[in-house]
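Once you scroll down, you'll see the structures, which are given as structure tokens.
Both complexes below contain chain A, partnered by chain B and then by chain C.
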Partner chain A sequence: MRPSILLSTLALALVAQATSLTGNRALVLLDNLDDTDSYMELWNDFQSRDYNVTIRETSSPIALSRYDQREFDHLIFLSPKMKEYPKGMSAKAVVGFVADGGNVLLAASPELSSTLRELSREFDVEFDNRFTTVLDHFNYDDNLGNKQHDVIAVNPKTHMAKINAIVPQDAVSGPVLFRGMAHSVNPTNSLLTSVLWAPQEAYSWESVNLEEIADQDPNVSGKDISFVSVLQARNNARVAFLGSTEMLTDKFFNAKAKKHGEAETVSGNRKFIEELTKWTFREKGVLEVVAVEHHKVGELEAPAHYRIKDNMTYTIHLAEYHDGEWHPFSADDVQLELIMLDPYVRKTLDQIALTEESTVGSFSTTVQLPDQYGVFKFMVNYKRPGLGYVESVTTVGIHPFRHDQYPRFISQAKPYYTSAASMGVGLLIFSFVYLWGGLDSSAKTTKKA
Partner chain B sequence: MAKLRSLLLFTLLASLSTVLAESWKVNNINIQVVSKDGAKKAEHKLEYPYAIQDLSAEPTDSLKLSFKLENSVRPHQAMVVFQSQDEFQDEVMVAASVKGSGKGRLELNFARGDTKFKYGTRKYSMTFLLGGPKVDEPYKYTLGHIEVKGPSVNPPTRPTRVEYKSQPEIHHQFRPDQKLINQAISGAFTILVLTPFAALFILWGQLGIKFEPLKALATKPLDLIAALVFFGSLAGIEYVFYSYWTHVTLFPVLQYLGVLSLVAVISGRSVLSTAQTRRLQRTAGSAKKEF
Partner chain C sequence: MNEFKSASNALLSTYIKDTPRSLKLIDSYMVYVLLTGIIQFVYVCIAGTFPNNAFLAGFISTVAAFVLAANLRMQTNPKNASQFPTTSPERAFADFIACNVVVHFAVANFLG
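Then we have the complex of A and B:
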């Protein structure tokens, strides 16, 4: 009952906005306004998804926030040559923008400037040196990459992350074409995921002077070269890094991809970029905790505090956002943890079966509280690749037994019970015999020898 | 005519060069494993597509590959990619240098090579890659497998990341219930506690109780009522104690006790006074007898 009320208010709040949960104000930065013409299909795609796109050159001043409020919701860097930030912006401002909940998409090219390289370092993404490109003599595209073997046709079935929340496996039908710079992601960073990477035979080398042999070990090669990688920050803001601005151009969207040695198909760039931008701009893969309930088994309301060894039922309601509206979330691995400094109990929640009227996915379980008293957290810490982070914490107190909640009668204490009872019974018997037993009225009490 | 001939020759040569440049020709592929002090541990001549399987190298060894390229075009990529054959499938790409004559050599010292070789003893597949921008068909030759032993002292650890997935369930181990003694022992002691009653009844039996005052009560109704009320109040007080032990709280118990004790005092006075008169009669009687 309660979750549906909360969800309907949530839905009402979003009715007037665009499909993206962050907002619909997008800012695009270009090196030169003439580049606008090469991305016409991309602008059309954004328009159809109700975005309010502002296109600026990097030379014009722009402010990302005013009076501590974000001016834009999404920031798209299609300006790899940018030497200095536009007036009003800085690396700190961009990082602050992400900390504020804004999403960023950064596309590079072999002419990537050091400013953007430094910005990517803030997010643990390391681009290769300037004027390097990714070369692959085995997987190049025959139509576009014939001359220099620098346009690589990536097979989405083998070299794309199998995370359906970001780009579903069956959405991209053809190879994804890429021409640009390699970057590598920090392998120890859990927030960073590589979405598209290079085949084994690819390597990153200088894009000029291809007559000379590459006689040194390349900086990055094979699957260490990431073409597209994404980061989801702890506040659920999303940042995407692409090594190629050309991946987003009309030329590559409409290109007929012919991987060397294979048949010709349409490139999968358009669908890939569409799904990637949908994820980056928080139009899908967003989770929300709608309601949390907990109570003792047999009761309906949450008590003021619990007692050790109580049986408690915990229910959490989760919703997932995609296709412009909230849907009930389904999963089989949502876990509840009872934590006091360390988890005492961790249990997988069972999903209550969804009906046609369900607006949220409900997950519930019954747990016996541990026999350690203290202040506990009921925590659902649900983090999965591609989905928004869910961290729901409910603090409760667990009290020890009251003096009258201990076991009352112990069968091994019978001697004590019997001795106390025998005192009382003995008093009655003795007083009966004393008063009316005739011991003090018989003449036989005194005996004379 | 001469012009036409030269034109024909030119086009023929041009087409020939494109035909020639379409694929790479590699000969004399020689692979060696050399120890730290230069001694050759293994040497094999390889011919496409034969793949060598039983190569192994110590962490201080070097791998040397030499080959001869028969093409006039120089390649851009002449590299060997090593792929580890475990679940991580790490890749390392090592470049060879090719001279103008076409002679190429690659030298990889595993001690100074990529850190990936040092994570542990692993088997790697070696693939020789040859490619260039002017040639459409690249050259790939899987040379075979090599087992590279990891360093025995301080091997570096592979960087790990926290994987976001469901974690193992934790079930709380409740403290075991307090251990209690055997029921038989408590039963035995209960019987022991009741033995004084047996002694009491035996001794009373020896004294010979006849319950004469009880029979006498039947004739005196006033005394009977007092006796019943007194005994009843005593029994009631015992019952109140029992109910206090089971479920009643203090203040109601005090109320009950207050009422019952009043009754007991009032009725007890008369009962005890009759008992006293009996006792005085007995002592007076015995005093008479004595005298």
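Then we have the complex of A and C:
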């Protein structure tokens, strides 16, 4: 027991140092170590963000965890051709790695192996058939994709998700270049979000015989093609899928992007990948419940229990992590629910105005408790794409009125009070009259024997 | 109509002539209780059942008083003497008072 506590304390210390909340140990898998040179800019970028990057070939044995502790915090697949997992790794191990809080980035290419295809399927992401590539005869890049129209210049203003927590709209200035494979995400899976998708004219076609005429319907085309999509698991671990390993290379980072028919600019790949990896490695968009307060109106302390129809104030303090620090969180759609099996009350919380000294975002509201007693949950269930999930549950008891807490001497009930009193008075008068006037004569008549 | 009139007149005159005074007294008390109960019932139909406990207390107090008065009348009626050989009118009245005290305790508790 003691060594494991020690280890976790050490792990916490590491987390505190790194910009990523998960940790700074990253493992990169390559098909061949010769590919290392193609990603120099990416390694430099990771280095400047304090990552301790380990680069391995898929042919060498790797242990993702040892003694039930993760050996790495982030796992990056730049090995699309990987036919078999490295010794010591498996699909189960990767899923377990995510379940254990590790983050995964998986980049594909037209040579994507069935091993990685099946791994993606575990996360509801379906890559197109092997040796297919995305083509677009209208939005191709004039410099790199002139011949085969397979390098697509994606306009981040129109074809990137407007989720500032992942990639802010104004962060990526130039078009993002993409050469690779299409994938589609299950639209019913609320954990998955498409971040970058194809223009309407794009389609996915076999890359081996590009000279031939496309005489069949492509498997996937237009906006159904995702280029980059992300998943945030229920434990807030993050997984990113990229259809292209090439969009991470120095060549694409430094390329001059020139969408066919438009002016030449600089490619937005470097900035896009930087923001995407920041999000994937939990450097931003992480939410934390700092504190929850609740009390009756006019009081300051949380009571042991509430009474039905009490007016109470609920406040939740949320902080958002980005740029290596915790900041106050701002939103206008945080809701409070009072639940006993069903929600009895659901109300949007108002944000208390932030000041210079604010370290947390405070959201507060005053509600009247329902006319129903029992064990209730005060719940804030805030799940938005790109942001860490917030699920705060406070269990409280709501009591009925005590017998002496009911209203008394209600004017509407006065006839009943009068009637009950008149029954008593009537009984007294009747008794007097009966005893000193009535009973005598009847006693005479009933007296017998 | 005339027959009904003469019949009711006969009933009334017989009642006045033959009924003992004590029973007449009980009867008038019961009429008073009955009217109070009816007024409350009309009121609850108009005003609604909101303080339901107060209505029940008030209404039940009249019902109980009526029932207890009816019992007293049965037990003190000379014509029923053969059915209650061991119950003297004094004993019947004492029972009546004891029961009424219990009823009024319950009513006062329930009135709110």
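Rule of thumb we're sticking to: the second predicted complex is superposed on the first by the 395 of 449 C-alpha atoms of A that agree within 3 Å, B and C clash if a C-alpha of one lies under 4 Å from a C-alpha of the other, contacts with A are read in each partner's own complex, and residues count from 1 in each chain.
To be clear about the criterion, contacts are C-beta pairs under 8 Å (C-beta built on N, C-alpha and C of every residue); 3 or more make two chains touch, one makes a residue touch a chain.
A quick note: this is a predicted structure, and the numbers were derived from the prediction, not measured.
**Q** State whether A:395 touches chain B only (first), chain C only (second), both chains, or neither.
**A** After superposing on A, A:395 lies clear of both chain B and chain C.
**Q** With the two structures laid over each other on chain A, which partner does A:346 touch: chain B (first), chain C (second), both, or neither?
**A** The answer is first: A:346 touches chain B but not chain C.
**Q** Tell me which partner A:200 touches in the superposition: chain B (first), chain C (second), both or neither.
**A** After superposition on chain A, A:200 lies in contact with chain B alone.
**Q** Considering only the touch criterion stated at the top, classify A:371 as touching first (chain B), second (chain C), both, or neither.
**A** A:371 contacts chain B only, not chain C.
**Q** Have a look at where A:431 lands relative to chain B and chain C in the superposition and call it first, second, both or neither.
**A** A:431 sits against chain B and chain C alike.
**Q** Looking at A:216, would you say it contacts chain B, chain C, both, or neither? Reply first, second, both or neither.
**A** First partner only.
**Q** Give one of first, second, both or neither to describe whether A:69 is in contact with chain B, with chain C, with both, or with none.
**A** Once the two structures are laid over each other on A, A:69 reaches no partner at all.
**Q** Spot which of chain B and chain C makes contact with more residues of chain A, would you?
**A** Counting residues of chain A touched by each partner, the higher count goes to B.
**Q** Who does A:355 touch here: chain B (first), chain C (second), both, or neither?
**A** After superposing on A, A:355 lies clear of both chain B and chain C.
**Q** Touch test for A:415: chain B only (first), chain C only (second), both, or neither?
**A** both
**Q** So which positions on chain A get touched by both chain B and chain C?
**A** 410, 412-413, 415, 419-420, 422, 424, 426-427, 431, 433-435, 437-439, 441-443, 445-446
**Q** In the complex, go through chain C and note every residue touching chain A.
**A** Going by the criterion above, the answer is residues 20-23, 25-26, 29, 32-33, 36, 39-40, 43, 47, 50-51, 54-55, 57-59, 61-62, 65, 76, 78, 81, 88-90, 93, 97, 100, 104, 107-108, 111-112.
**Q** What does chain A use to touch chain B in their complex?
**A** Against chain B, the touching part of chain A is residues 135, 137-138, 146-149, 187-190, 200-201, 203, 205, 210-218, 221-224, 260, 309, 333, 335, 337, 343-348, 368, 370-371, 383-385, 410-415, 418-422, 424-428, 431-446.
**Q** Which chain B residues qualify as touching chain A in the complex?
**A** 74-79, 81, 83, 89, 91-98, 114, 127, 129, 131-133, 135-136, 138, 140, 159-172, 174-175, 180-181, 183, 185-187, 189-190, 192-194, 196-197, 200, 204, 207-214, 217, 227, 231, 234-235, 238, 241-242, 245, 271-272, 275, 278-279, 281-282, 285-286, 289
**Q** Help me check something: in the complex, which residues belonging to chain A touch chain C?
**A** Listed in rising order, the residues of chain A that touch chain C are 406, 408, 410, 412-413, 415-417, 419-420, 422-424, 426-427, 430-431, 433-435, 437-439, 441-443, 445-446, 448.
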